[in-house]
Structure formats: C-alpha cells, structure tokens
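Which chain is which? They are A, B, C, D, E, F, G and H, in the order written, and residues in each are numbered from 1.
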Amino acid sequence: RRTGDPEVVYGAGKTPAQVVAILRALHERHPDRAVLATRLGEDARQAVAEQLPEADLDPVARTAVLGPLPEPSGSVLVVGAGTSDAPVVREALVTARVHGARAGTVLDVGVAGLHRLLAVREELDAADCLVVVAGMEGALPSVVAGLVGVPLVAVPTSVGYGASFEGLAALLAMLNSCAPGVVVVNIDNGYGAAVHAARVARAAHR
Amino acid sequence: RRTGDPEVVYGAGKTPAQVVAILRALHERHPDRAVLATRLGEDARQAVAEQLPEADLDPVARTAVLGPLPEPSGSVLVVGAGTSDAPVVREALVTARVHGARAGTVLDVGVAGLHRLLAVREELDAADCLVVVAGMEGALPSVVAGLVGVPLVAVPTSVGYGASFEGLAALLAMLNSCAPGVVVVNIDNGYGAAVHAARVARAAHR
Amino acid sequence: RRTGDPEVVYGAGKTPAQVVAILRALHERHPDRAVLATRLGEDARQAVAEQLPEADLDPVARTAVLGPLPEPSGSVLVVGAGTSDAPVVREALVTARVHGARAGTVLDVGVAGLHRLLAVREELDAADCLVVVAGMEGALPSVVAGLVGVPLVAVPTSVGYGASFEGLAALLAMLNSCAPGVVVVNIDNGYGAAVHAARVARAAHR
Amino acid sequence: RRTGDPEVVYGAGKTPAQVVAILRALHERHPDRAVLATRLGEDARQAVAEQLPEADLDPVARTAVLGPLPEPSGSVLVVGAGTSDAPVVREALVTARVHGARAGTVLDVGVAGLHRLLAVREELDAADCLVVVAGMEGALPSVVAGLVGVPLVAVPTSVGYGASFEGLAALLAMLNSCAPGVVVVNIDNGYGAAVHAARVARAAHR
Amino acid sequence: RRTGDPEVVYGAGKTPAQVVAILRALHERHPDRAVLATRLGEDARQAVAEQLPEADLDPVARTAVLGPLPEPSGSVLVVGAGTSDAPVVREALVTARVHGARAGTVLDVGVAGLHRLLAVREELDAADCLVVVAGMEGALPSVVAGLVGVPLVAVPTSVGYGASFEGLAALLAMLNSCAPGVVVVNIDNGYGAAVHAARVARAAHR
Amino acid sequence: RRTGDPEVVYGAGKTPAQVVAILRALHERHPDRAVLATRLGEDARQAVAEQLPEADLDPVARTAVLGPLPEPSGSVLVVGAGTSDAPVVREALVTARVHGARAGTVLDVGVAGLHRLLAVREELDAADCLVVVAGMEGALPSVVAGLVGVPLVAVPTSVGYGASFEGLAALLAMLNSCAPGVVVVNIDNGYGAAVHAARVARAAHR
Amino acid sequence: RRTGDPEVVYGAGKTPAQVVAILRALHERHPDRAVLATRLGEDARQAVAEQLPEADLDPVARTAVLGPLPEPSGSVLVVGAGTSDAPVVREALVTARVHGARAGTVLDVGVAGLHRLLAVREELDAADCLVVVAGMEGALPSVVAGLVGVPLVAVPTSVGYGASFEGLAALLAMLNSCAPGVVVVNIDNGYGAAVHAARVARAAHR
Amino acid sequence: RRTGDPEVVYGAGKTPAQVVAILRALHERHPDRAVLATRLGEDARQAVAEQLPEADLDPVARTAVLGPLPEPSGSVLVVGAGTSDAPVVREALVTARVHGARAGTVLDVGVAGLHRLLAVREELDAADCLVVVAGMEGALPSVVAGLVGVPLVAVPTSVGYGASFEGLAALLAMLNSCAPGVVVVNIDNGYGAAVHAARVARAAHR
C-alpha cells in the first residue's frame, strides 16, 4: 500500500471461501504484518476459524486478524454511548490496533447519564485521539468535545428507529456539532474512524 | 376559545394594519384578558407601538401583548443553548406568561460547556415544566432530561448552516433523544412549546 | 434513576436470555418496584413467561412488567385512530401505569368518523393528559386538541404505505398541527409519550 | 384545445408585456370565450388593468379573465382551512367558473374548530364536487371526506413553517388520507384541482 | 356508512381468520350488498376460498368480494402502462365495480410505444372517468390527459428500482403533470383512485 | 485541453470584470478557436458587449462566444417541452455549435400535445444525437425515445413549483425512463448535455 | 421494434416459466436475432438452462441471450471501480454486445489507486464509448472524463452502506461531475448505459 | 477555554457593532493571544477595519484576527478543487494559523485535471494534516487519500447547482469515500476542519 496502511478485506458481499482465500493470500505475501477482515457474517467467521485457526476472531466486532499486530505507538480511546453501539465500538478498537495504535474502550457513557462520562474525564484527556460512537440523537461527541481538547472522530451508528432513519439523525447531529473540531465518518464506519485516529495517534509519538 | 386558552394572532403573512385591527377587536371583546400576537416584523411592531401604545412589545420575541396578564400559577423555565436561539426562547417566555404560568429563562447553557448547565441544576429541578431550545445538533434536551425528571418540551431551532437543513438536524436529534419523556414541537415553535408547558405548569398548582 | 422513573429495558436487539437476565437483576435490586421491558419479540416473551412466571406479559403491547405497579396518581387517556395502531396504544397504556398514572384507552376514533370521537368528548376532557396515536395522515391530534384544552402528546405510527414513508407523513402532520400546544414524539414511540404523560398526570395530583 | 377546455396562460416567469400580448391574442381568436391568466404578479396585473380594461382581475387569486364566462353547469364548492390559504382558494374559485361550473367558497373551517365545519355540512353535501384547501398538517380533506360522499379534490398549500417543508407535510398527509376517495394535486395548485372539479361537476348535469 | 359507500376491509396486517370473520360479519349485516376486501395475501385468500366459497376472489388484484355487485351506472376505464402494474390495475377494476360503476381495463399502453395508446383513443374518450396507472417515470397520465378531456385520476406504482425510490419518482411526476386537471392518489392506491372514479362516473348518470 | 474540447468559462459566481479578463486571455492564447462563457448575468453580458464587441452574445442562453466556431460535423437537435425551458434549450444549442456540431432546435412539443411532436418525427430521426429538455414531470424524453432510435440525452429543468422541488421531479422521471437508452444530466445543465451530444455527433461523421 | 433495437426481457418480477415462455416466443419470431433477458434470479437462470439449453447464460450479469449476436461495429469499454460492481459491469458488457457493439471490460480501477487507471489510459482512449461503473462516492467517471475525450456514460451502483443511501450518493456525485460531458443513468442500470453506448459506438462506424 | 483553543466569534447573525464589541472584549481579556472572527459580511468587516485598525482582515475568508498569532508548530496544507471553493479554503487557512499550525494552500487541483494534483504530491506528503475542500461531486478527497497516508479532513462546499442540493452531493460523496481514513465536516465548514487539523499537526510536533 502506497499509504503505508495494512491490507484490509471488506467482508460484506464476499463468500466465506473468498474471505478465506484473500486473507490467506495477503498473509502469505507478508507473513510479518497483520491483515484485517471486517464485516464478517457468522458463516465467514466460522470458515476462517476452521481454515485459518491462527486468526484472531472477534464475534462482536465481526472481524478477523491474521499475522502479528504492529508495535503500538500512540493511544486511541474508543468511547461508546450505548450497549447497542458495541459492534461499531469494537470494529474501531480492532482496527486501531491493526493500524499501529494502542487502543481501549469506554462504554455506556451516554449523554443522559453525565456522571458516568465526567468520571472518565482524565482517561479521555490522556488519549492521543478519541473515537466517539453514538446512535439515536448522536449527542455524545459534542459533550465529549466540550470537555477535552483531544482530536476527536465521531461515528454515528444506525441504532434507533423511526425518525432516526437508520443513523441519519445521528449523522446530521454530529456534522452540526457546536463543539469545534469534531470530524465525522459514515454511519457505522468504526473502521474508517479508527484508521484516521491511529494515524493521528502514531504521528503524535514519532 | 373552547380550550380555555387566550386568543393568539399569528403575525406572519399579515399586514401591519391587519395585525392592529385584529388585536384591537379581540381586546375590545375581552378587555380583561391578554391577547398575544407573534411573528411580528419590524413594520407590524411599529404600527402596534403607534396605534396601540398600551401594548407590551418585545423586539427579540417579535411579540405584542395587549391587556392584563392572567394571575400566574405554576412555573415554566425556558432554557436556551446559544445566543442565536434568543428569539425562540423569548417567544416561549412571553407565551408562557400570557397562558397563565410564571416564567423565566436560562441562556447560553450549550452542551459544549457542561459546567454552565450543571451550575443551574437546582433551578431546572424547581420548575413545573421545562422548555429546552437548541439549534445545530439539538443535543441540549437529552442532557437536561438526563439531569432532572421534570416534564420537558424540546424546541429545535433553524440556527445552523449546511447539513443543519434549516433545523431538520436538531428536530431529528430531539425526536431520537435517548432520555425518556422528551416531547418535541416544530422548528422554531417557541409558541407551541410554551402553550403545552403552561398548561402542564398550571395543572400542577390547581 | 436520578429522574425518579422506574427502570425500563428496551428489548429490541437483545436476546431472550439477555432480557430475562436484566429483568431478573433489576427486580432483585428493588423487588418493591415495577420493572418494564418493551419491544419484546415472541421469543423473548416466551422466555420471560417460562423463566419469570410472575411477570405480566402483554402480547399486543409486546411488554413485560415485573414487580408491583406504583400507587396510581392522576390519569392518562390513550386515544387510538385505527386498529393497526393497537401495539403503540397498548405500549403507551402499560408504560403510563408503570410510571405511576391511572390509564385507559379509547380506540378506533379516526377523523373520518367524527361522531365516534364527539361521543367520547367528556372522557377526553376528564383526563390529566392525553396520548393521541395515529398513522397514515396523522390528523387525529389536531382534531382532539381542537375539542379540549388538556395537555396532549401526539404519537405518529408507521401504519400506512407508499407516501406514508413508514410514519414520516404522520410525524410531519403532527409537528405542523394547527391546534396550539400539540407536542410530538418519535414514530411508534408510545413509551416516550407515556413517560411524559404520566409525569404530567402525577404532577397534577401532588 | 383538443380537450375542450378554455385557454389558460400561466403567468409565472412571463413579463407583463408577454401576459398582455398572449391574453389579447387568445381573446381575439375566440372573443366569445373566456381566457384565464393565473399567477400574475402585481406588475402583470397592473399592465392588464391598463391595457385590457375589460379584463376581470382578482388580486387575491392573482388572476385575470378576459371574455364572457361560459354558462355554468354543476356546482363546485371550494373549502379553505385558514385565512392564509385564500390565494389558492380563490385561484380555484375563478378557475372553476372559467371552466364552466357554478362555484362558491367556505372559509376558515379548520379541523381545530370542528363546529364551524359541522355547521356547513349541508352545503358540502349539496355540491357536485368539493375542492378542499389546507396547509400546515393538511387534515381538513380527511375530515370533510368522512362527513360527505361527494367527489373531493384536496389541495395542499405551502402555508406553514419549519417541518411543513413548504407544503410537503400537507401533501403527504393528503396522499395518506384514511378517508376513501380523496384525490390530490400539487402544492398550491388551486388551478389544477378546479379544472378536474369543474369537469366532474359539468358531467353531473349533462 | 355515512358516505353511502360499501364496506371495505383493508387486509394488510390482518390474520386470515380476522379477514374471514370481518367479511362474514359485514355480509350478514347487509346480505344484499357487496363487501370488498383488499390487499389479501395468499394465506388470507385461501382461507376465504375455503370458508366463504361464495366469495369472488381475484389473485392478481388480491381482492375478495362477498355479496352481489350493485347495479352499475357510468363507466370507469382503468389504463395500465406496463405488465408489472397489473395488481394495481385490477385492484382499481374490482373496486370500481363494487362501488357501482361499469369498469374495464386497457393494458400495456406505455408512453414508449405511443401507437398502442393512440389506437384506443376512442375508448378513452367514451369513459366517464379514467384511472391511469404507471410506475417508473409515471408519464402516462400526462399523455392521456393531453388526448382526452375526461376526468382522470393518476395512480403511481412502486414498479421500478434505484432512483424510482419505491414509486416516489412516479408520484412526483404525476403531481407535476403539465396536462391540466390530473389528480393523484398514493403510491399503489388503486382502491382510492377507483372510489373517486366510481363516484364521478355514477354522478354523470344520475 | 487534454480532452480536445474548447475552453469554457462558467460565469456563475464570477464578476463581470473576471469574465471579461478570462475570455480575453483565453482568446489571445488561441485566437483561431472559439471560447464559450455560460451562465452570464445581465451585468456580465453588458461588460462583454462593451469590452469585447466582437463577442457573440445570446441573452436567452446567457452565453458569450469569442472567436470563430469550428467547422461543424454531425448534427445535434435540441428539443424543448415548454417555453420556460428556453434558456436551457439555447444553452445547449450554443454549446453544441462551439463543440463542433451543426445544431438546431424544436420548441414547445410537450407531451400534453402529441400531434406537435409527431409532426416533427422525421426531423428527430435525422439527427445524430438528440438533447431533450423538459421541466415539471419530465416526460418528454421517454416519449421521444419511444419514437426514434437516435442517441438521446435528457435534461431536466427547474421549471415547475411545489412538488417539482426545483427540478427533482423531472430528474427522477428521466432517470426512470421506461424507454431504453435515455441518459441524463444535472438539472438545467444544457451545457453538459450538449458537450456529450456534440462528441457523439462528430464521431458519427469522422 | 421501431427503434431498431433487439427485444429485451426484464426478468425482475417475472416467474421462471414466464421468462422461458417469453424468450422462446421472441426467439421463434426472429430466430436470426439475439434476444436478451436481464435481472434473472437463480431460479429463472436454472429454468432457462434446462428448457432453452442453447441460451447463453451469465451468472454474474444475471442475463440470458438466445439467438446469434449481431455483427459487431464500434467498440464499448466498460470500466468498473470495484469488485462489488461486477454484476452491473457485466450486465453492461452483455447488453452492449447484444446491441451490436464490440465490448470489453477493465476492472478494479478505483480512484483511490490512480496508477491502475493511468496504466490503461490508451485503452480508454481507443474506445468509441465508455461506460464507467462505480458505487460508494461515485468519483470514477469524473477522473476518467478528465483523462480522455471519449463519450462517457456513468452508472452509479448501490454498492455501499449508511450514507450511500443505496446508490444515491454515487448518483448525485455523477450528476454533479466537474468534468464536462458526463451523462448518467439510473442506479445499477448497466443495461440502459450500454444501450446508449452501443448506439454511439455503432454510429461512429457506419 | 477548557479545551485550550483560542476564542472564536461566529459572525453570522451578529450586527457589526456586536462583532466589534465582542472582539474588543475578548482581546482586552487576553491581549497576548489571537482572537478570530469568521463569517463576517462586508458591513462587519468595514466596522472592524475602522474601529479595530490593528485587526488583520481577509476579505476572501471573511475573517478578522486580533492579537498575535501563536508560535506555529506542525503544518496544515489546505487543498482546494476549484476557484469557487476559495472562501472555504481561506477560512481553513486562517483558522489553522490562529490555532497554532503553520499553514499553506494548493489551489485548483480538481479531479478532472489529475496532472496538476500529481505535480504537488510531495507537498501533500510533507504536511502533518491535510484539509481537502471540494464542491460539486466532492471527489477530490478520495483521490488525495489514495496518493498519500497523511491524516486528511474533507470539507464539502455548497458550490454547484441543481442536484448538488447546496453541497449535499459533495457531503455524501465524502462520507462514502472508498479511500480509508477520510473524515468529514459540515458543508462549507473550513473552520471546523482546520481546528481538527491544527490539533493533529501540533500534536505531531510536541
């Protein structure tokens, strides 16, 4: 890759056999680097488990990682508003690690229960880059960005119903954040947010 | 009015002369009650000032009130996220008073500066009904509704640009609030929110 | 809960086992209070029926209640436009009771058959708060709010097809009600409407 | 015209001189028939008044009629929800007459004041075709269509603000009417509704 | 029914047992009149076939009719653009007959093959009311309304893909028809169009 | 230009002085080729008329051409539905000529008056590429594409009101054309359609 | 066909039996010409394979061709951005051949890997017409149209998630291309693009 | 500011007098730091020029800066697709400098002229963070992100017409970028993009 990033397989719309074959081929080319597959359905994960037993599978993130993780440099903290946002939170977590950052998560710190959020403020402040994941009204990034000056990527999720319009409400909210410096990715795109966050975190420790 | 509410003139799309004439007629019919006019442009407010000098004009709210306010009962607190939300905040304030509630405002308590909001928590808790006004990402009602259990009406405003789509982003956010019990009115509709809030507040002190 | 409300489990996206476990845990913490679970699919309701036989299940509302209801105070009346709106009507009914209000329903009083609505006018007037549920063109709240001055929460439902756009038509109609004081919640959100209505009703009888 | 209708000039986007010239030319071709011009701005109406003094101008409808009206046959009743709907109501009125029907109007019978509507029920029943005009939530056609079985054309208007989206809310409401047989035209299209209504009315008296 | 129309059961969202029970009850109340059920799935149609063998089933229209059709008066012609529009065309056909009009269909006369349409022009002209059904770009009503001056109801269908947005493209096209007097109903609403058309047709032969 | 096309100045958002300066500079670089400027307001056209008197101005198309037109090869026919579509029709006409095609126009051949269209059928058939311009319901391209097999580019215009949504209705209609091979450009983009059409026409005569 | 094109069966919404019957009938009428069927599901393709063994099936394109291809004239090159766009790419490929052009494909030349695109520049330049297929942000047509002056049809695909809104993002991007002369078809409409492209290609070699 | 950022005045909707007063007050509080005002109309800029002559005004960016810029650390490069994007490009440039980064611009490197972009590739690679600004189809960020691995913020602009829907097309395109790690801000929000970019750039040089 011209951009220096690891190879990533986007699993949606691929057969289990295709996923296994691509993962294996990429791994053989560079056995010393991690290869990541995202958006793996249950079938694909089972095929990987059987045919690539050394792969590291995450059923919540729906990811598989093959090959050793890079030496981490810089830290990404992934913050999730609700329990239903877990798949996106973990996709970001795994992706950040594969892209060379140390990474952790803080969960269930929605805006309707501020004390939980205020309790982790120092943890937020200590990260090199934050990924803030929220569905429904998508208010969490504004609140976090009002607390700390750390670079912050907002991820809207499709969690919600009715006038959430599959994540559109959260997406629009995040794009209109009254807190300065909030940047946004596509609905449910934990992967893209973490690629950016890992680059930012690594650069801070070069 | 069958519903017991005062008469209200919606000024948008009416000529200054029409506004003055309707206000005068309604006032003459019931000189002991307040009549409210909303959405008055500068021309209409000037015509009212000249021809109905006893009217109480509010240039920010763009309202006029003619006749004595009712004896207040119960309290409405109108909370505004930003300075640009002031016209909607004050339309709600004036409307609540005309509809029989005691009413006050708390301004500039946006979600990107939580300490300001936390500082007024007791004031929020003491109201019989809250009207929470916010534009852009419309996150304030969720945060307030997570702090106190008081009935709360959210008002999205058209403040913002680009993907705020003239208040749509804030409206969707409020409809998807993760805090239970948040109810919503049309974009910029401080009037409607205050009618509901005043009814709730008065009922609490019957 | 800081807001004084009962605990509520949102069943959508949770496994039957998760629903049962959370209900049990919350119930054990406060056996003297009701715990509510909403949006339970058939599987979840069956699991609750088997493993928590003392729970009160409502197959139309898709709810389960565990523990004793609070002593009711104040009254909520839930008004439904059509038979297809029943799940939302009953979700509101159960929620209002769990949140401490007396609650009842009036069904099938759509705007295309006014006599049915006019026949229950006194019942409408006697409530402390109304929840008005309608799909398709969502006209019922305007008509009801023109008849009585009681605080009123409108709930659009996803009932309809084509240009109803899954409840969007009803939502927009309700937000634009020409009757003053109509407040609105998300599409199909009987729960949120009833939380607000129960608070209003209880406050009227403190 | 192959369809037997009178000639109509759509004034929007035409200069006053163009409007006058087209009206004159059409009138000279058939001096025994009425020619209609719609959507005339103030300038165009003034030019017509000066240069075609025999034309019949309606400043509310923004129309001009040149030549004798046809002998009327059948009756169209145009029903308007609010005072701001007047331009559309009158455009329909004038158009119906030019297209050969007897026509009248009933105004200010919004759904939030049902008694006004119920008071004119016999008038509604006596028409051959109804044109029902409403903005904001657009609920009036459903209520009228529930009262009488007369063919009914609904006209949404752009009256409203915020989530009315320039008449979209009313348009969607009317398309989703729960009353059977409601047909709809474009936002503010009093002209189109009246062309249909006049055809229906005339056919009923052939 | 206050409006004089027959009773109609909307089958969507009802169980086969419910459909059978309602049809039977309505039929017993007025055995001399037709009762119509629409939007019946295969299960519901089979239940009707078995338990109400005297019912008249139409698998394309997805309707059932129980009881004798009224004496027809006036004629409705249902015109369909493409073969995929057949369910909507036939729903309109059956509905028109149940509502007291003589009714027939003309199929596959899309705008991309004008000769087929021009060949039936006299048939179009002879009807008392036309129902014109089209999906995709929804152009057919404009073309037909340019050929004949008969009252015309346009029905957009959800036939199409991509930017047809489930019938929205056809709906918007029909609302913007450049041919005067085209009125429109909801997407796929053959029923509503035919109720209006039958009223118009009957009135023309009173 | 790498693509072999002439230089084109997009006038919208440029000052008259800027337009004149760019036109002059481009013309001086290649005095033997035509330079085109589009979307020129009245001010810009007047500045060009005064300072570049040899420029060829078209007030309807809002264009200016400086330098000799190329030797034409192949023919483009621009077909317009209504008189209000004239600016787009002429922008296409001028653009096609500057891009090396012979070009002409056929006007006012809307779908609601088919005879006018059928009368020019041979002219349509004789062109190497058609540009078909229509607003409102945008039906004309489907009808033309059903008559002849010539390559055809459809241009939706913003002519219309209400549910035309500034040309969206026509755009969607054209994208969903039931006639095969209709390709579409942006709303009001006569320029883009003609660039494509001229390339197609020239290629047919190489 | 009046337009000179081959007959095409649109398979979506047709039963396997219907597809086989129509293909057979069309083939029998003109055994010397190719008949094309598109959008065939697995069942339909299997039925064709069994009952029309001489048909040429393409499982990726989801097409069947019966009868001999026409003698090709002119060349169409179909360019695809990503592997998920393959079904649309191949639908275009097969369609172009059935409509009388020589056709080939270039795959996986997305804008995020420009070198792959630059490497095939001469191939792009040699075609008579390009069909450029891309999902997600739909940027490929702009880049290709900046490289070569060949007539180019852009096809947005529904590949993507979240804010791609089933291909809407790519469609809008292509309609707004800053490269002159890009024309666009409906989402996933490889067929329509290829009909236009084949006409253009054939005309260039007459 | 809790987040360590400079104070910023959002000029839209403020009177010139208000802008001057706020700038002066903020400057007096911290004369050693820069204060920034954005979205200043011509009137506001003139008032600032007269009353705060030491302010640094940028008429293209529509900004004013009062007080010394911070010592720069790290570099931001702002890349613009077209000349009409200049106001957003310069708003980003000024903001990045006020927020402590070295900053420069590269202009007119749209995707339809790749050579211009390829020529500055090393400059792109040398930045600590890129801000990529584009209107219309918004394709530039994908192309840049395919060339270099530098953290990149995309800014859609409202430049375009018709189906650009005031920047929506570009916004959606950027959210769906097929290049990994592209993050996005609101339409025309050069300010927000630069706040994020400056934080990233400064962190890389701590």
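Everything below uses one rule, namely that contacts are C-beta pairs under 8 Å (C-beta built on N, C-alpha and C of every residue); 3 or more make two chains touch, one makes a residue touch a chain.
Everything numeric here is computed off the predicted structure, so don't read it as measured data.
Q: What is the set of chains touching both chain A and chain F?
A: The shared contacts of chain A and chain F, listed by label, come to G, H.
Q: Measuring between Cα centroids, which chain is at the maximum distance from chain G?
A: Using the mean of the C-alpha atoms as each chain's centre, the farthest one from chain G is B.
Q: Based only on mean CA positions, could you tell me how far chain B sits from chain H in angstrom?
A: Result: the chain centres lie 36 Å from each other.
Q: Measure off the straight-line distance from the CA centroid of chain B to the CA centroid of chain E, and report it in whole Å.
A: Each chain's C-alpha centroid was found; their separation is 47 Å.
Q: Approximately how many whole Å separate the CA-defined centres of chain A and chain E?
A: 51
Q: When you check chain E against every other chain, which residues touch at least two of them?
A: Touching at least two other chains: 2, 113, 145-147, 162-164, 168, 171, 175-177, 186.
Q: Can you name every pair of chains that touch?
A: Every touching chain pair, ordered by label, is A-B, A-C, A-G, A-H, B-C, B-D, B-H, C-D, C-E, D-E, D-F, E-F, E-G, F-G, F-H, G-H.
Q: In their complex, what parts of chain E are in touch with chain G?
A: 84, 113, 159, 161-164
Q: Within their complex, state which residues of chain B touch chain D.
A: The contact residues of chain B facing chain D are 2, 12-13, 156, 158, 166-168, 171, 186-189.
Q: State the interface residues of chain H toward chain G in the complex, per the touch definition above.
A: 81-82, 110-114, 118, 136-139, 142-143, 145-147, 160, 162-165, 168-170, 172-179
Q: If we count contacts the way the header does, which residues on chain E are in touch with chain D in the complex?
A: It is residues 1-5, 8, 128, 145-153, 171, 175-177, 180-186, 191-193, 195-196, 199-200, 203-204, 206 of chain E that touch chain D.
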